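The next block holds one structure in the form of structure tokens; read it before the comments.
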């Protein structure tokens, strides 16, 4: 299995309004450093698992609607608790969608698996990975 | 697959008394920066793979009997060679036990896989991962 | 010059309501990984520049009123723009105060310089350093 | 599954002479920080997944013919596009060969999987992993 | 003293054609992860040491003529040995020039010191710092 | 001011037998990732602040008598408390000595300042720096 992974980041506000979150129930925020890994079983004629330039672009596009936002005010997250692992899945879904829409070109069809990892601090991270 | 990973560290002395270890046969020591990753197939109603606060606590509890110790003097390691990968498995087993004992609450039952990674320097690390 | 540096982090919401901040004018947030470095010209009888245990404790105490907060709602920041470098200075001042109050014990009197560095992402950081 | 991972690096020149690479079509270069992970299902009598000293040595040996080279001039890469993921596979193949030749000793026979990861910057990496 | 530091990177080919460089005398290459730190003695009315957005932009502009190049073929480096520390100084000079030309706006005049650090691998880096 | 910094590491056992160290009074250990920075005011004819190959060699030589040792048993540390900052100074002194003895060649005479930083975990480090 081959993989190419690219990194970007977002800076967001949100609350986690359930008792289990203790002091994080109130409005606070996070920088999420986001790693998106694209897995393929082979390389194309250019020696590529995936076009790393396009991969970087679609990650930025997918993150744009979240970056510098208060997630509590976004319709897409109404009634949801925007934990690190929930957001990893959300970004995963948007990336999978973009790949399905051909945003990675023909090469996107060769992607077998995605992993989206969100680093929330130097001491904690969460991710979601699945086959496409 | 979802995952949440938390980090802590221990500082221990030990010897690796077998010829294969060369200069590490004598008493020396290590800082192990420990990453524990908890994998689940779904999220609970709070949007959690695992309660990250509890996960951090049980990692600290499991590491406590090792931290600031000379592993050569601990009964639990009598006759064992406490390599990085051996210790990864030891910590894995203690975490699995704690989860089995309900230390992660109801949510602990949803954990499908654990991975325990020990970074022994900027240039080497070892880990153990398995399904629960 | 000797130095000891310890790390902690905070997760906060804030807005930066001035045109120069572009998309960061609205409410968003950040994880700040905070490094506090304590500088001395000599070591005490225990071989210490500063008691690293106490240093870790006072950093945590100083960060506590900020952690998991929306900085826009804190009286202490009324009318201020809570940029990374501004917050570095704020934390520096609280640490200097705690040292002045004897929170680092007798050893605290030997501290000549402090540096407080806030990492806001994998690609940007800000800090404040000054002699005491 | 156990794993031990060791790190080294190479500094190479190359061109990526296909239109898809845009500005990277011309001769440029890269530092690749290389992580090689060796996976086994059990530990030997010494508590080892793999002899970390030997693992470090064979990684260095396998990287030596590439280090400080212009990859465009190496016969082994004639007609090939030396992308990060292609090079990960190349290094994987040489490591697998070395293991097959007994360079990791008897213990090498217990290796079930290899992963070779090349970090090309703070924001991008590629890897190849497969069972042996 | 306040500071703001931003990160970018370049991927270049070059040779270091002097006997002291041993195997690095031939054409090879490097990824340089570049940190540029801007130091001021105070903050402006917006709470800024320097506009981090503009700082990121001018670093990118200054790096652009080097990125994806074979430094051996650039007129500006004719007869020079493009070591890590030499390049740190080169980038420092271009940044200082850009600041002098007003590329950081009025705020640029408050910058007292610059530091340009080039990470060439996980184990080595070089930098140049000076007052402006 | 120019600087070149190289990294190595040591794995040691020691005790810190004073009440202030709490649980670290007993025999335990540490990995110290060691960064040695060499500062000069100019570059030589080869574009070098310091020969990075030689710098790496003398750091390894200076660390060798400590690596894989129980520091409590070394005559040179009899009666001393081997804290992180104390060890930083010890390694600084040995490096300064080696430079004085010409181990960095003629170029060594141009070194104005040294800094030796020991990372003891992902969350703490200590260093010593001084002019030569």
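We call the chains A, B, C, D, E and F, going by the order they appear; numbering starts again at 1 in every chain.
Keep this in mind: a residue touches a chain if its C-beta (ideal position, glycine included) is under 8 Å from a C-beta of that chain, and two chains touch if they have at least 3 such contacts.
Fair warning: this is a prediction, and the values are worked out from it, not measured in the lab.
> Indicate the lowest number of steps between chain E and chain F, counting one step per move to a touching chain.
Counted as steps through touching chains, the separation is 1.
> Are the two sides of the chain B and chain F contact the same residues or different ones, given that same means over half of the numbers occur on both copies?
Comparing the two copies, chain B and chain F contact each other through largely the same residue numbers, since over half are shared.
> Over half of the contact pairs shared by residue number: find the pair among D-E, B-F or E-F that meets that against C-F.
E-F
> Give me the rotation angle that lays the C-alpha atoms of chain D onto its copy chain E, rounded to the nearest 5 degrees.
Rotation angle, to the nearest 5: 180 degrees.
> How far is the middle of chain A from the middle of chain F, if each middle is the mean of its Cα atoms, in Å?
Taking the mean C-alpha position of each chain, the two centres sit 41 Å apart.
> CA centre of chain D versus CA centre of chain F: separation in Å?
So the centre of chain D lies 31 Å away from the centre of chain F.
> Can you list every residue of chain F that touches 2 or more other chains, as numbers and ranges?
Answer for chain F, listing residues that touch two or more other chains: 7, 122-123.
> Contact residues on chain D for chain E in the complex?
The contact residues of chain D facing chain E are 7, 9, 11-14, 23-24, 26-33, 67-70, 119-123.
> Which of the residues in chain F come into contact with chain E in the complex?
1-8, 43, 46-49, 51-53, 56
> Would you tell me which residues of chain D are touching chain A in their complex?
Listed in rising order, the residues of chain D that touch chain A are 16, 18, 20-22, 80-86, 88-89, 122-130.
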